[in-house]
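Labels A, B, C, D, E and F are assigned to the chains in the order they are written; within every chain, residues are numbered from 1.
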Amino acid sequence: MQMIEAVIKPHKLDAVKTALAKLGILGVTAVECKGFGRQMGHTERYRGAKMDVGFVPKVLLKICVKSEDSAKAVSAIVEAARTGEVGDGKIFIYQIARAVRIRTGEENESAL
Amino acid sequence: MQMIEAVIKPHKLDAVKTALAKLGILGVTAVECKGFGRQMGHTERYRGAKMDVGFVPKVLLKICVKSEDSAKAVSAIVEAARTGEVGDGKIFIYQIARAVRIRTGEENESAL
Amino acid sequence: MQMIEAVIKPHKLDAVKTALAKLGILGVTAVECKGFGRQMGHTERYRGAKMDVGFVPKVLLKICVKSEDSAKAVSAIVEAARTGEVGDGKIFIYQIARAVRIRTGEENESAL
Amino acid sequence: MLRPLLASKRMLAALAILLCLTLYSTARGQATAATPPPTAQDAINQISNTNFVANTLWTLIGGMLVFWMNAGFACLETGLCRRKNAVNILAKNFIVFAISSIAFWCVGFALMFGDGNSVVGHTGFFTNLLPYDAPKMPGASSLDWSNVSPAVKFFFELVFAGTAATIVSGAVAERIKFGMFMIFSFILVALVYPITGHWIWGGGWLSTLKAPFHDFAGSTVVHSVGGWAALAGVLLLGPRIGKYNSDGSVNPIPGHNMGLAALGCLILWLGWFGFNPGSTMTATVAAGHIAVTTNTAAAFGAVAATITAWAVLGKPDLSMILNGCLAGLVAITAPCAVVTIAGSAIIGAIAGALVVFSVLFWDKIKVDDPVGALSVHLVCGIFGTLCVGLFASPAVIPMQVTDAYCKPGLFYGGGGTQLISQLMGIGAVAATVFAISLVAWAVLKFTGGIRVSAAEEHEGLDIGEHGMEAYPGFATETGASEQV
Amino acid sequence: MLRPLLASKRMLAALAILLCLTLYSTARGQATAATPPPTAQDAINQISNTNFVANTLWTLIGGMLVFWMNAGFACLETGLCRRKNAVNILAKNFIVFAISSIAFWCVGFALMFGDGNSVVGHTGFFTNLLPYDAPKMPGASSLDWSNVSPAVKFFFELVFAGTAATIVSGAVAERIKFGMFMIFSFILVALVYPITGHWIWGGGWLSTLKAPFHDFAGSTVVHSVGGWAALAGVLLLGPRIGKYNSDGSVNPIPGHNMGLAALGCLILWLGWFGFNPGSTMTATVAAGHIAVTTNTAAAFGAVAATITAWAVLGKPDLSMILNGCLAGLVAITAPCAVVTIAGSAIIGAIAGALVVFSVLFWDKIKVDDPVGALSVHLVCGIFGTLCVGLFASPAVIPMQVTDAYCKPGLFYGGGGTQLISQLMGIGAVAATVFAISLVAWAVLKFTGGIRVSAAEEHEGLDIGEHGMEAYPGFATETGASEQV
Amino acid sequence: MLRPLLASKRMLAALAILLCLTLYSTARGQATAATPPPTAQDAINQISNTNFVANTLWTLIGGMLVFWMNAGFACLETGLCRRKNAVNILAKNFIVFAISSIAFWCVGFALMFGDGNSVVGHTGFFTNLLPYDAPKMPGASSLDWSNVSPAVKFFFELVFAGTAATIVSGAVAERIKFGMFMIFSFILVALVYPITGHWIWGGGWLSTLKAPFHDFAGSTVVHSVGGWAALAGVLLLGPRIGKYNSDGSVNPIPGHNMGLAALGCLILWLGWFGFNPGSTMTATVAAGHIAVTTNTAAAFGAVAATITAWAVLGKPDLSMILNGCLAGLVAITAPCAVVTIAGSAIIGAIAGALVVFSVLFWDKIKVDDPVGALSVHLVCGIFGTLCVGLFASPAVIPMQVTDAYCKPGLFYGGGGTQLISQLMGIGAVAATVFAISLVAWAVLKFTGGIRVSAAEEHEGLDIGEHGMEAYPGFATETGASEQV
């Protein structure tokens, strides 16, 4: 199994979720986060002082999939989350050694 | 070392923390998150419009443990977090290559 | 590539970000979290009842770097985030199998 | 003899004319010859009308401030509960005043202030509140002492009834079914509150004691009644899951938004300037004295609770500071019009310390009250009612407008007469309200059930009862999920 | 004959002196010999002055409460929108009252209440509001009926104008450019609102119909006007991105902070006690009756919306409860002074149910109104205005202070006369306000553009328009990033 | 000669009776024969009493609105600070009014308004505020000009004292020790504020200048005093960690909740309608004019700050809009009763622009004021006080009730007389308050220490000082951790 971690723009959440659902991937955990990257866009000011607001609101998705589903899930996410502008986000994939469904104790692929 | 990531129901946080503490595992990082899965439970309505509230409030726990403690930690979490109803959550385990305690610079197992 | 996950004290966020930027590392995702560990510091009371506030506000940083940059990034974080007091936090490093930049579809090291 | 008589007759006639003319022109002043001149009586009548208007508007403004307390309770109680139940508490606190308004108009007002016997009134159901332009309201003679338009008498009493119902909301929060709470609120305002209210403010038996039970603005009538009704509910509901450990220790469940809680308390403090000074139901300078006793008790209550919490619990817990302020306010509500400034300072300070220990006490006996409503409204309501019998000062008592003058208190040389009346009233209200409420809650419990399921309680009542979150956050920020 | 005559002459002289002395000393009372005694006329004059002061202060307090509604709208609208647009909505709601204050002083007041013709007034630009100490304001004779100081007349009318402008803010929220909204608000309060306002409250043609159009506190003058202006804007703006799916289904976009929303609604409820009872613009006991009809309609509106939402939508949605309360308040605004308590209960209940269906309706036709402003202010504003022609009761009508008495309504034996006037007014205001607003919005749209970019809308207007977040949270909690 | 005389004697007697009867029956009107008829004097007496009541209640309502400003300051300051310090700021703002209430009752009132010399008063410690039913308060003759019940005079002055203390809270926020702040607040309200207050409002030397120093509602007495005391504290505390970089650049530390901040500002705006119009301490139509100048200055202040911030800083920063509004309000506080509407517009606009530059200025010289209290209250307080000497208009001055009439300002043909008095007052207050405050802060600093530890500052004062979080969020949402 692989964990797909995708940092996306918050307003793309629905689109990504829908795209994944079309692939039959229904398990997603979403975390609110702030991203710092190339999209340093808005240098802001608060009460006159310059504020290098590196941190832009983002959403971090964690999706654990069977290794064979990983590629197409990534493609689906990329397609759904892309706007073409700086700050669209990144996807990171890493290996999961074991997965457990708490309710049943099922393990690994059957736990997803 | 292994990282145990557990997505649990928020009200099970205390129980899980206590269960882990009983094993002598005192280091836990908890993140608020929203989960999307089988527990699609409440189709809601806001101002009359149907709302497929796939996202249910959850808590994501990250617990880094020695590899040999992993199995019993997982069992403890499963036991403490289980209600038997859909949405109890998942546990994902993956390998950690290196760990550092910022305060002392200690590394790996002695950093936990 | 490696993912560096650092749990730090919230007020060290700026310092860490600046230290990483000095190394040319501009991509960081930050998540608000609560940490449970040795720093069990404040036993609090709410309306008279003792409250073992194990959970202390922390920030979880995720930084994906080329494997060769990992060591110096970790050193930079350790240096910037250290106060010397209990609760300074931990760093966890794990392997990333694949990375994708959503905007361009670039992969792996060029995606960072 | 004739002529002089004749002469004097003519003179008399002349004089009479002269007299009339003189009087006339004197009285006329600058008025034109066409309309009759205003008399002093005209002026007096006009002043009476001005006073009638002033009384009415002052009482109306007081009523508005008491209405505003609904916002205070909503903020305070929501802030002191958990995030996952915030919508539910807001909805409860919002709807409870709407329901009270309906219940009091339909039934409550008639039972409480309608003419009847010494136990209950029975005129004025669905009142049309006429005449609007004269102070006496047919069928509600118990309010004749107040020279105020009937609509405003009704409005002022209505907002008080609403307050009693709101108190319950906080104590039963985080576990009660929304619909059942609506029903109980209706019962409370339609039946329970008016009956004991009738005894005290509606001309009933407690107001006709030799030393009439004195509760100026409602430490007992409003706050204790709300408190007893809440206690009955809390006992039948049981504590929130996870509040008490098997070993008897207490798990604190911190409020989710202290900003909302503090704002709520400040709103309540403001509202109390309508609650107490407005209870004169007359435009009178006595309202000023009452405003100062009210404020003094609140200030001393807040500081006393701060110091007590600091000393006893180790830190000045903000939720205790807020409760301390409210404790002072509830305690001064009954005696506000009969005590000196110094008296109010002492009352407030005691109440502020008392409330801290009371919060600990209820937790010790495992009566789970998320917002401290029992400590504030019930305990300090009783304490405040007693204070009338202890602190009423002969220097202050005369400023009251109502007939039901109060006897001086024990500490001011008045002996125990008033104190005994106060104790009788406290006891009678306690027994009655607690008993009826217990029956009402029990009926609801065994018919529809008053408590949500454990699963719903875990998940939060916002999702369970209302299908929404108070702060949905990022997940719904972008328009909700497309239908898959 | 002489002597008696002489004697009588002397007696006359003596009597005249006696008479004067008697009269004098009687009248003097305890006054000193130096100053003349007060006459009844003096007393009457003093009472007149007291009444003048009372009228002025009552109206001023009413105006303050209406001002306070700005806080209500700010909280309600912010709470019902998304977090990423919160600063923008707060800023809009804050600045809109400042702009209204300026626009109304410079232009609006003169057009609305200035002397002029039956279409528009034209005296009183940049008014200095003198004399402050007499009720009649030169050049604003349409307000002469109110015995109130000119400054307070201005203030009271100003806060009403501000309310109309605020209504727009909610409907166009989450996508409008901040600067353009400021400009439209100026136009609305300077030109649009005053013109139809002049027709109804400024002595214009609707107020001189045979059965004058009756809108006591502004269901039409304020709420519908705001609603029509908002509708024009919403139509030209289009819905928020992601609100409607291509298949016609609706994506709910939940409000981000229900605590703020509920507090906002309670603030509005309180403010309405200034809006309606204060519109007497006279210290009068009639304000009491109006307060009760207002409160009753709000209560029934809230409960009706709760029940309707529960029945139709499955759960008692808090945002619907809040809208139901406001629906009742808007609907009772026009008829509050001419209906019975029972009448107000019926009006409120209908409005509360109506608003639920109205919210569904606007979504069905894809008119995107984030906070329900169209349903509450436009739909219920129209409904309330009609209710005058339906529910006006001959038992209540006489309590009004203004000259423009209203005919009894259709259901109270008055036939359709008043109803026809009401329909005429509704139609005339609708056509005028909608048309001018549409032109104004269109001009702004085709010059500077009224809608933010899609990218900005996605990211949120807080960053885009104001460069800040409402709740920046942890990332900026420690002092912002050092310059790299 | 005898008989006619006799006759005339009899006639005299007859006439006297006639006269009495006539007078009697005329005066009696519809009264019964038993009670004497009311005289015009009776009427006048009743009116006097009605006026006394009206004055008292109007001032009381004004005082309530000023009390309400505490909620405004609490919300504003909490919203503009960081989340981790929210409980602390709420607690500070809450307790400060309680402490002020106690300090002012015990000591402050006596020093400020008690009879004494031109420097300080010394009667009325722990005042019992009697008699409640006559306007003159023994030992506080400086308030005799106001025909208001003593209790309300005290209450009104008390809430003003509380405001001054609250101002300090914002400026020293996020780093001061809770206990030390409580002590300083007591000192400020007990000693510092009353002394300069005595000079200006208590009959002291500034009020007896040839052209008496004029500060109608307290730009100097309240706002500048609070500002100077705050400045002294800020200087001794130093800036928050991380606010200024070594290279002199500024790290913005954004407020954590702009919704709370905006609501706070709207609360303050409302409260100011008590602050300024209420300062008439008399029911008078002049309050209307003052309400409009107050509102106009606020509106122009907000818009001017918006435009200035937009032009100078690039975006319309909401926190600057709020500060601009408050700047206008503070600036109009002194001159509100003596300037025209146009004058208030200019004053407000200048203040709104000024405050933006002032915020930049304090940051430039590294004086760290988290909420802009120095810019708003100190800078605009001084500016507003000067405006009296510049803008006081002879057309408006006469509407004042107090004896201390003001001279026309420089721009209104009055020359520099008043301006010089204003400058004297500003200087004297500045020197005195700053000096005493500096000493007080210094003593506290070198005894107990006024600043929390760096570790506590990093972690947040909520945990450190109060042991709780403002928004504990999910981690404590389920009942706290079982004891491990």
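Note that a contact is a pair of C-beta atoms (placed from the backbone, for glycine too) under 8 Å apart; a residue touches a chain by one contact, two chains touch by 3 or more.
Being a predicted model, the structure only gives us computed values, none of them experimental.
*Asks:* Compare the contact pairs of A-F with those of each option in C-D, C-E or A-E, and report the one where over half match by residue number.
*Replies:* C-D
*Asks:* How many angstrom lie between the CA centroids of chain E and chain F, rounded to a whole number?
*Replies:* Those two chain centres are 29 Å apart.
*Asks:* Please tell me the distance, in whole Å, between the geometric centres of chain A and chain B computed from their C-alpha atoms.
*Replies:* So the centre of chain A lies 18 Å away from the centre of chain B.
*Asks:* Any idea how many Å lie between the Cα centroids of chain B and chain E?
*Replies:* 53
*Asks:* Indicate the residues of chain B shared as contacts by at least two other chains.
*Replies:* Where chain B meets two or more other chains at a single residue, that happens at 10-11, 14, 17, 30-32, 34, 44-46, 49-51, 54-55, 57, 83, 85, 94-95.
*Asks:* Note the residues in chain D that touch 2 or more other chains, in rising order.
*Replies:* Correct list: 4, 7-8, 11, 15, 19, 23, 27, 39-40, 43, 47, 50, 54, 61, 84, 242, 249, 251-254, 257, 314-315, 317, 319, 458, 467-469, 473-484.
*Asks:* Report the topology of the inter-chain touch graph, choosing from line, ring, star, complete and other.
*Replies:* complete
*Asks:* Chain D touches which residues of chain F in the complex?
*Replies:* 3-4, 7-8, 10-11, 14-15, 18-19, 22-23, 26-27, 29-31, 37-40, 42-43, 46-47, 50, 52-54, 56-57, 60-61, 63-64, 67-68, 70-71, 74-75, 78-79, 86-87, 90-91, 93-95, 97-102, 105, 126-130, 132-133, 148-152, 154-155, 158, 178, 257, 260, 465-474, 476-483
*Asks:* Once bound in the complex, which stretches of chain C touch chain B?
*Replies:* So the residues of chain C touching chain B come out as 2, 5-8, 31-38, 54-55, 58, 60, 70, 74, 77-78, 81-95.
*Asks:* How about chain A: which of its residues touch chain E in the complex?
*Replies:* Per the touch definition, chain A meets chain E at residues 9-11, 14, 34, 42, 44-46, 49-55, 57, 83, 85.
*Asks:* Within their complex, state which residues of chain C touch chain D.
*Replies:* 44-51
*Asks:* Spell out the residues on chain C that touch chain A in their complex, using ranges where they run on.
*Replies:* Per the touch definition, chain C meets chain A at residues 3, 17, 26-32, 62, 64, 94-103, 105, 111-112.
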